[in-house]
Amino acid sequence: MEQKYIPKSSLKAWLAKVKDGGKQIYAPVTEGGKTSFRRVKSVDDISMEHVQTAQSAKGVAFPRTEKLFSYAMQPGGVALQDYDSANIPHTVVFGLHPCDAAAFKPLSGIFGWDTGDKPFGERMQRVTLVSLSCSKCDELCFCTSVDGSPGSAVGSDILLTAVGSEGYLVEIVTDRGRALTEPHAALFEAAPDVNKEELLAHVPVRFSVGAVERSLAGAFESDVWKQQSARCLGCGACAFVCPACACFDIQENPKGSASGDRIRCWDSCGFSLFTLHTSGHNPRSVQSQRWRQRLLHKFSYMPRRLSVRGCTGCGRCSRACPVDMNLWEHLSELENLKN
Amino acid sequence: MSDNIYLPYLVTIEKITQEAPGVRTLRLKFNDEALARSFEFKAGQFGEYSAFGEGESTFCIASSPTRKGYIECTFREAGRVTSALAKLEEGQTMGFRGPYGNTFPLDEWRGKNLLFVAGGIALPPMRCVIWNALDTRGSFGDVSILYGAKTVADLVYKHELKEWDERPDVRLVTTVDPGGETPEWKGEVGFVPAVLEKMNPSAENTIAIVCGPPVMIKFTFPVLDKLGFAPENIYTTLENRMKCGVGKCGRCNVGDKYVCKDGPVFSRAQLEALPAEF
Amino acid sequence: MNALRSTVKELLGSGAIDVFVGYEKGTRLPRPLLAASADEADKLIFDETCTGNLAVYLTRKDLVGGKKAGVAASWYAMRSICRLLDENQLQEGAVKVFGLTPEGDLKPFDTLADLKQHVQETPPPPKPVEDEWVREIDAMPAAERWKFWTGELSKCFKCYACRAACPMCYCTKCIVEVNRPQWLQPWAATMSNVEWQLNRVMHMAGRCADCGACGAACPLGLPVHIIAHKMAKLVAQSFGEPTDKGSVLSTFNPNDEENFIL
């Protein structure tokens, strides 16, 4: 992997050039004490001080609401207008942490397995991920428990790691990353001789994910789901902030009676109506079944079917939960489950 | 052709058959003539049917793959989309995505007897297999059909029931729930499991295909046990809620099996290996 | 703390309650705990930091249906419980309520009539922060106010945490999920988000206990509880404080003000 160094003073100049070159920058911006990803107007707005944004960066490839196609009633029939990828901006996602970059792999797994998903695929083709290693973490982070690390380059096209307060180690991971640095080579310097590990936050390992996954294999009928989910309110906060959750609904957005759009929007396995049949039958009728589905999907079904885990340890679900469904705490409990 | 899996094919309604109160069959022809010629599917597969302006609904393809040039779906008016589909008229345009899902393993069943057990609105997925078997009649042994509905009026495919009844190479037994009969009714009166027991079909070299409401399935399986049907020789379909139909939207899974990809057809042996969440 | 734990164990042991809806130590703040055994009761805590409104669990059939429940209640949760009683969502005898005295001691209510009297006689804990929000927003010219709310609500992704955390949102099928006809667009978009919050607050008129659970639950920190707070004030101003004779939405009085009708 090619390594470089960029002084802090050149970082924004580089991003400004990238932006002037026609790419949009999707980066964390702090406003009113809250930091969230958005398409920035000026690179000066970018915030790099937060531990974690409330929402992940997944919206760049899987927006909360997206048009799949349009229809129009015509004399003697219906005309369809296919999904239009021409307007998807080429985007650099900047300042996402390694847990978010890693989460594009499970997303790609879901959207890509067996049948491709055009909207997701077209967006991903236009995305470059420039991640930032974590120099701090909080008590809800657990990337190191799910094979990640605050300095992992997995999933990133470029990974920056702060070296002191003056600059960043730049690891150029992919060709896409190279295409972003090479035209601006003058802004980069030779990589310093540093021990990257020393520059990273220390995220304690909370559980053995192997043990959790072995434990889950026989846990379907366990009482643990009821016990853990008792306080769960059944909202979709955990799913919507999760960088790897991909469940969606398909809805009609009619614009009058003559035309409209078919759209998809985020949905959550935690909602009681998610699996409700028209007949009234609901295979997952109570919250404990829905909590079980959430964890088994991420830690059992996805590893089995897609060879990728549905969790990268970002801890957002735990931070977003109104009733403190602390995920690593629940997973630690599962590790020691007596089936 | 679009590479967007969510973009439906446009189809025109060629023929509407009112099967029973609130239940109708639509015969659909692909607007694209090349597609109409090349479209293929297998018995058991399903699709997503669009009423533009209202949304999509999931049903099996109820016609047989041996009947080319069109597909049919049969549905009951129940929600927003099915009500909108029921308002469409012959000649109008709707959408279809598919075929999706796995199929009944008809090739493996060659030379065997087939026993169909269906209840109510669950005859459509089976009708596809029945016609497929009858159109390739020489490949199979005895064909027996037991079909029950709440009332005489609720029986679907009445013309076809008559046709099957008249065929010497089909054994058809129809039944309605007690109280659902009319003075003219000549079939059985009773619930499907009890009538099945009375019918007493041989399990020897026979595949049982069972589709119906969960309560019917629940009470039919023990009867099949008693008759000696092994779990590997009993097939059914699961009808979980779906949106995408292609393994992405996250609703239809039972354990790590997606009903839209690994199903909708499951043998009873396969069902027994799944967690009880359907 | 010990008084609470021993009381709950006693109630569970004697069968007076089947489950106690209380708080335990959480990662950052106290969190709900549904204690049904002595072991679980030993984890209970109850002090002034326990502010989440636990009344939300009392209408959850999968958790407390057919059971007798004890509940640790803040003042606002007590008001929620009174409103749920008025709306026939709770049964006398099925719920035993515990509050805290100003000194922090456990205060059991023997009957729900006692609870109602307590809520009527005790002034609501002040909400200076919320009052200041309302003052600031009221002072904005209409266009600016619209910009403020559309700006905030444009961020909403419709996870419905506000609804899930609200004790008064006990409908099994919410208006946003009714699709024949589809009154509200169920996906996230600025205008459909505004419609959703407007509908929610209208359904809360005269019913909302003003506990702030909706705002506290929002994972994006959107101040949706301020809409409810303003609504509670408006309803009290226009129609008087809610009584147990039914909420302003479900009752009619010929003298009701109509000045808000355009």
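Each chain carries a letter (A, B and C) given by its place in the written order, and its residues are counted from 1.
The working rule: a residue touches a chain if its C-beta (ideal position, glycine included) is under 8 Å from a C-beta of that chain, and two chains touch if they have at least 3 such contacts.
Quantities reported herein were computed from a predicted structural model and do not represent experimental measurements.
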* Determine which of the two chain pairs, B-C or A-B, is joined by the larger number of C-beta pairs in contact. => A-B
* To do: Compute the centre of every chain as the mean of its C-alpha atoms, then state which one is farthest from the centre of chain C.
  => B
* Roughly how many whole angstrom separate the Cα centroids of chain A and chain C? -> 32
* Where chain B and chain C are represented by their mean Cα positions, the distance between them in whole Å -> 47
* In whole angstrom, how far does the Cα centroid of chain A sit from the Cα centroid of chain B? -> 39
* Structure fact -> Touching at least 2 other chains, the residues of chain A are 249, 251
* Would you pick out the residues of chain B that each touch at least 2 other chains? => 79
* Structure fact -> In the complex, chain B touches chain A at residues 2-8, 10, 12, 31, 50, 52-56, 78-79, 82, 93-95, 213-214, 239-241, 243-244, 246-256, 261, 275, 277-278
* Residues of chain A touching chain B in their complex? -> 68-69, 71, 73, 77-78, 80, 82-83, 110-111, 113-119, 220-221, 246-252, 254, 257, 260, 262, 264, 267, 269, 274-279, 281, 283-284, 289, 293, 296-297, 300-301, 304-305
* **chain C residues within the chain B interface of the complex** => 179-180, 182
* To do: Can you check the complex and tell me which residues of chain C touch chain A?
  => 26-29, 31-34, 52, 56-57, 62-63, 155, 157-161, 163-165, 172-173, 177, 185-189, 213, 216-217, 219-221
* Contact footprint of chain C on chain A as seen in their complex -> 33-34, 36, 54-55, 64-65, 139-140, 230-231, 233-237, 239-241, 249, 251, 253, 263, 265-266, 268, 271-273, 286-288, 318-324, 326, 329
